[in-house]
Structure formats: structure tokens, C-alpha cells
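Comments concern the structure below.
Note that the chains are named A, B, C and D in the order they appear, and that numbering of residues resets to 1 at the start of each chain.
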Amino acid sequence: MIKTPIIIVNYKTYAQAYGRNALELTRKLEKVADGNIAIAPLPMDIPVLVKECSLPVFSQHLDGVGFGSFTGHILPEAVKEAGAIGTLINHSERRLRLADIEASISRAKQVDLATVVCTNNINVSAAAAAMSPDFVAVEPPELIGGDISVSKAQPEIVSGSVEAVKSVNQDVGVLCGAGVKDGEDVRKSIELGSQGVLLASGLVKAKNVETVAMDLLSGL
Amino acid sequence: MIKTPIIIVNYKTYAQAYGRNALELTRKLEKVADGNIAIAPLPMDIPVLVKECSLPVFSQHLDGVGFGSFTGHILPEAVKEAGAIGTLINHSERRLRLADIEASISRAKQVDLATVVCTNNINVSAAAAAMSPDFVAVEPPELIGGDISVSKAQPEIVSGSVEAVKSVNQDVGVLCGAGVKDGEDVRKSIELGSQGVLLASGLVKAKNVETVAMDLLSGL
Amino acid sequence: MIKTPIIIVNYKTYAQAYGRNALELTRKLEKVADGNIAIAPLPMDIPVLVKECSLPVFSQHLDGVGFGSFTGHILPEAVKEAGAIGTLINHSERRLRLADIEASISRAKQVDLATVVCTNNINVSAAAAAMSPDFVAVEPPELIGGDISVSKAQPEIVSGSVEAVKSVNQDVGVLCGAGVKDGEDVRKSIELGSQGVLLASGLVKAKNVETVAMDLLSGL
Amino acid sequence: MIKTPIIIVNYKTYAQAYGRNALELTRKLEKVADGNIAIAPLPMDIPVLVKECSLPVFSQHLDGVGFGSFTGHILPEAVKEAGAIGTLINHSERRLRLADIEASISRAKQVDLATVVCTNNINVSAAAAAMSPDFVAVEPPELIGGDISVSKAQPEIVSGSVEAVKSVNQDVGVLCGAGVKDGEDVRKSIELGSQGVLLASGLVKAKNVETVAMDLLSGL
């Protein structure tokens, strides 16, 4: 199981967060993380980051396919063997069809990978919860990459998602995404009922990564 | 609201079911229907079928968009003004992203169109139900167009979907699709807890449409 | 075949351009058109506009499928029977996979529909031309709906597309889209080697549609 | 530049060709390859295969994006830094939109990766060639994974693609895919004007990989 509360750092395709830079960034995070930070790098960076660093690693995406003729797909077994412990699914920058989300969750469970399904509003959070992932990460698209966190701008989306998710499946956790910037945002997210946050630019592009990471961790 | 039990006939892009043929086919169905048959023709056929025939009409698809720059999309307001009473969403031949399904349901409700979300298994049925459409139509893709109906081949998918859907939202009905051929299939579907069936080739391609329709209706 | 030069008016899903409003708008355009204006309305509006008005009608989209199990797709035969003379393909708001563009062009030709493939830059225009549609309509996405026409902002994209298209296939015409607002834009587009323009909001949302249409036509 | 003639082995998501198995398979191929075999493994396997083996490595897919907010995408710079020399684009199991193919080719060139665009027929091959990739790999989808190679079943698709590609852009090479099984298939492909083959199951699933590889190489 994933230890909570958790901060998952999405490396996206940022210049600061692929290849050698990903290794450097992860080592900075390692210094301050106390079991509460996980990272989501590009697939080709997973094996090295797993080998060289201690932070738990998520894939940014995974396809609900098995062994066979699926060129260009991300095989769950390969994500697992590379050393990841989980995967994001359906990020707003990589939206999936409903049937494929279900297949992705189902296949990830078969290979014992944790699942974080990203959603854009309360209804979609409820739908995601009905497929029993480990977490639903609610991220209103209009707030992603912005200066105002969802927990401040639209706290009712977080609390509403927590309520909707729990009413469908008590065992599904909620993460809070979009615009999370500092420890105050994290603290607010936790207060609203979430088990943590999913964030990206606020940390990856920070001038002083350790300082920002420590501030974020202070909110847990 | 949609009168149930209901048989929805999906015209797809069948040669027997577009343009003038759609009108002819619908007139045959009208003769035997007793308020229990609805049809889902191509969008350009909706206005004529609404004007010339009495059967309730569904769109085969609709996009979760509004007025604006959405070339090639099916505008909910246009479906409504054309005279349809509802729409299929997420058919296995037109799978949508989760966020788009939610937007389609939400927009359809705003213009007072009934919604039938197609699903492929029990988990996906539960997810669809969490977004509160009027109906979930469960159709295992491997049985669509085949000779064996889901209610015979995999009755547990129907009863399981009914159970899963009701546990998420009591107000959502379940339809039963894939391989429905005769009155016996319809009767079995109803017994398993569904409010009707969604079918296509079994009726559209029948040599004697009236006879097959009457047989199907006998199962309600 | 399509008479050129031509102005194709894309009705998109504008409030001013669907259902009864589409009929009203088309009647205004009819008053001033002199065989040089065609319209691209929503599919459910095609039959009425063909019946009630004299302007040539394009579909906004069409799928490269045939008779069969293709729920929610736009059947070329149905577009033809509804009375359209052609179709847009691959608009920036409805981008298609390469193989599907080819299938759409191929199927449209089989039912004798003219084809206008939308593209976003010179290389893509060349690729589209290699599949021998009737027209390639080049529309840099960043200019669509904007205040500056492509023929003014990036004339080299129009002239470059004309050159690239002709070097691949002499028989393919070029249309010019994105930001076309007045007769001057149209004239400039023609000078750059195009056979006409594809436009939308500049005309559809105009306060005085006839005046704007007449100005546009003056540029031919 | 890629040395030709070439045999590119697509590892897809085969059980025999990911993680440790990919390393084992590649070592077998290394024993017999003489500079003419390249491999296309999953992204997380690229770094290890590049480090441990000598065969040139292609990515199975790449997205036409840059640094930024593109969760779940395959960044060209990351493919390059992982040590690959090129990438497949638009495989039939991962079809892309036309604009995305063009963006993928363009971005791959910026980071000096060779490009192989997969196509399904002669018209699509011509369209792909117009965007100036290094190679077009023509693979009729109905023959992929089958027992009959395209060079035997439909030699006119290979020769027609060669002719169409060369008439659009002399500098683009043609590869031949779908059903390639033995040296005779390879020889026939080369005779028809191709610079090599793209194959998968015929080699990856072979009982004796070295024997099959040597037979294939004999056809060059």
C-alpha cells in the first residue's frame, strides 16, 4: 500500500525533469523527503531512478493491454519490472476513454501497481471511484499550472470529490491537484479530506527545489 | 421521461436504415410498436423521421459541447431542435473519453434529452451510473452482432450490472444489449432486472421486420 | 465539380447557425451569393437547407466508413442522399488520424462528394495533397477565430502551401482559412494562389450578414 | 544515417521482448546481426539495451511535443538521451492524427532521430513521404501478424508504395512490413524496391531466434 499522506511530483516532459536532470532533481527531493514524496517520471527514466534513488516511482501513464501486438503502448508488466510501484491514469494531458481507464486499473491491479486516476470534476471523481482505483486525483483543468491552488480557489471541488468518492467506495483515497504551490495549500488539501497532493511545475521548476519541497512537506 | 420497458433500435450505418430506407423501416416498426419502440438513426435522418413518424427518436451520439467553434461535433441543442428525445453515448463503436461522457450527459440534461450510456462490463456500468444518466446499456463487445444474446451467454453481466448500477444510483435504469434476437432474449433481459434492450442488426437486417419486432415486443 | 473561386462558410456549432437560425442565415446569404458561396452546417440541418435554399452544402465532417456497424459515424452515402455536394475533412476542431483521412477522401469520392481537407502548415498541406482531395484548406490553428487573416499575418503559409500542394498534385486546389474577415483578405488570398476561402465567425457572427458577405464577395 | 538494407525488429509488448527477456532476446540477435538489425523495444527498456547491447535502437512511438506540460507523452529529447537512434511513428497499433505525425517527424529531426512512418496503403505512403521522414514502412493491417508476407500476397502494394513515395520525395526510403517470415520474404521485399523490412512476431516468437534471424539476413 501507498503510505499516506503523500505528495506525488509529476515530472511531465519538463526540461528540468528528464534524463540526467531527472536524476539530479530526484536526488534533491530525496534529501528532504521523509517517505512522503513519490515521483512520476518519463518511462525511459524509471529504471535508473528506481536503481539510483529511494523515492517511490509512479508511471505517468499505462495502457490497459497485455502481452501481444500493442506497439507504442505502455505494458503494465514492463512498468512493474522497471521498478515502479504505481501509475497515474487519465491525466488531463492524456485523457483516456472510459473503457480504457477501467482496463488500465484492472491490469495495473493484476501486476500489483497502485493506481491514481485523475479527474476534472465531482461527477467524474465519482465515476472513477466506482472502478476502485487506489486514489482519485481531482484537478480542475483550468487551474493546472496556475498560481491558485484548487484547495483555495474551489475548495468545494475537493470536499465534494471526497464526499462523492467515499459515497461510492470508502476505500478510495482522494488526492488534490492543480495549482498546489506551498505548505499552506497542502495543509488546506488535507483539511478538506484528501490524502495528499499531485503537483508538478510548482516544485519541478522551483529555483530552490529543496526549500519548496520542505515547505510543501510542512503542510502534511 | 422515457416509458419503460423499452426497445431501442440502433440504425447504425446500415444500408437498410439510412435516408429513404430509414423512413421505410421506421414505418414498418410503427405498425407494430405500441409505445415501446424507439429508434436511433443517423443525425441527418432525425428531422424527417420525427416529422413523418411517431416513434421516439434518439441520436446515436452527441458531443458535450455548447455553442461555438466545434466543427464536426454534434451539438446537443441541434439534436433537441431536430426533435430527438434522447441520445446514445459511448457506444462500443464510438467510445468516448471519461470526461467527455460526463460532459455529454451534463449537456444533454441541460437541453432535456434522455441519456443512454453504453458500457462493456460491470465496473464500467458502475462508473457510468455514478454520472447519473437515465440508462446504462451494458453490451459486452464480443457479443455485439452475434447470435447469442448477453442475457443467455452471460446473464451474470446483466444481473451484475443491475446490482452495481443500483448500488451507485437507484434512479439509473439498465438496458441490455448485444446479440438480442427474439422475444425470449427480451423476456430474459427483463427478468434479470433490466428495463429493456438496445439492439440493431437482429431487427434492422431481418427479412420480415414486423414479424421480428412483434416477437421482440412479446418479451416485454 | 465545385465552381471556383469559392467562399465556404463553416457554420460550426454557432447559436446563429443551427436549426431555424441556420435557415434564416442561409436565406440572407442566398440574397447576395452569386454561385460563389457554399455552406457547411450541422448534419441534421443538411436536408432542410438543401430543400429550402439554393446554396451548395458541405458536411462539416464525414467518416471513412461504409454500410455496417458504425454507430455514431457520419456515413458518406447518407451525406450524399441528404443532398450535400461535398465535405470538410480534418478540421482543426476535428482532427483525424492519417489513415482515416485517406479513407474519408476515398469513400467521399465513391459517392461523388467533393473533399476539402483542412491542414495546419505547409508540410501537412503537401501530405494532404498526396491523397488527392479536391481542395486543401490551410488554416494555422493559432489564427482561427482571430482578427488577423492568414493571408496578412503569414502570407508565406498560403503561397508555400500552394507551391507544396501543386508540386505534389497539380489538380488539387488550395483554400485559405483562419481569420478571413473582409474582401481585402479574400482578394489577398486569391492573389497568393488560392481558389477561395474557408471562414466562419467573421460572417456567421456578423451584425449585418449581407453587408459582410457582399464585402467578402467583392474580393473574389 | 541509418545503414541499409535494414531489418527492424518491433518488440511490441511481447512477453518475450520486455525487461530481462528483451535483454536476452537482443543478445541472441547481436550474435548474428552484422550491422543490419535494429530493434524497437518498450521505452523503459531503451536505456539498458543501449548500454548492454550494440544493436541500434528505435523507439516504438514518440510524441510531437517539447518540454512542458505533456504528462504521459514520449518526449523526443528523452528518447534521444536514452540512446535511441530513431523512432517508429504511426504504427497500425498506434495510429496518429495527421498533424501529430507531422509534428513527430519535425521534432524527431530537431533532436536528430531517424523516422519510420508506418502506413497502410499506397495513398497513405505518398502522404507520409510528403512529410519527409527517413522511411515509410508500408504494412497492410490485414496482413500484420499473419502467415503471408506483403511482398508475396500484395507485391503491388510494395512496388506501388515505392513508386508513390519516390515520386513525392526521392530521398525517402521504403520498408516493407506485415507477415515477413523468412529470407525469401526479405529478398522479395528488396527486389520490389524496398530498403528493408519491419517485422515482429515472426522473429520475436521464434523457437530459435538465431536461426530465423540468420535466414532473414540471408535475404538482404
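Please note the rule applied: a contact is a pair of C-beta atoms (placed from the backbone, for glycine too) under 8 Å apart; a residue touches a chain by one contact, two chains touch by 3 or more.
If you're wondering where the values come from, they're calculated on a predicted model, not measured in any experiment.
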Contacts common to chain A and chain D (chain labels): none
Chain of greatest Cα-centre distance to chain D: B
Whole-Å gap between the CA centroids of chain A and chain B: 36
Centroid spacing, where centroids are CA-atom means, of chain B and chain D in whole angstrom: 42
Rounded Å distance between chain B and chain C, as computed from the means of their C-alpha atoms: 33
Junction residues of chain C, two or more chains touched: 92
Every chain pair in contact, whichever chains are involved: A-B, A-D, B-C, C-D
Residues of chain B defined as touching chain C within the complex: 10, 12-15, 18-20, 40, 42-48, 60-61, 65-75, 77-79, 81-82, 88, 91-94, 144-145, 200-201
Chain B-facing residues of chain A, complex: 90, 92, 95-102, 105-106, 119-121, 123-124, 126-132, 164, 168
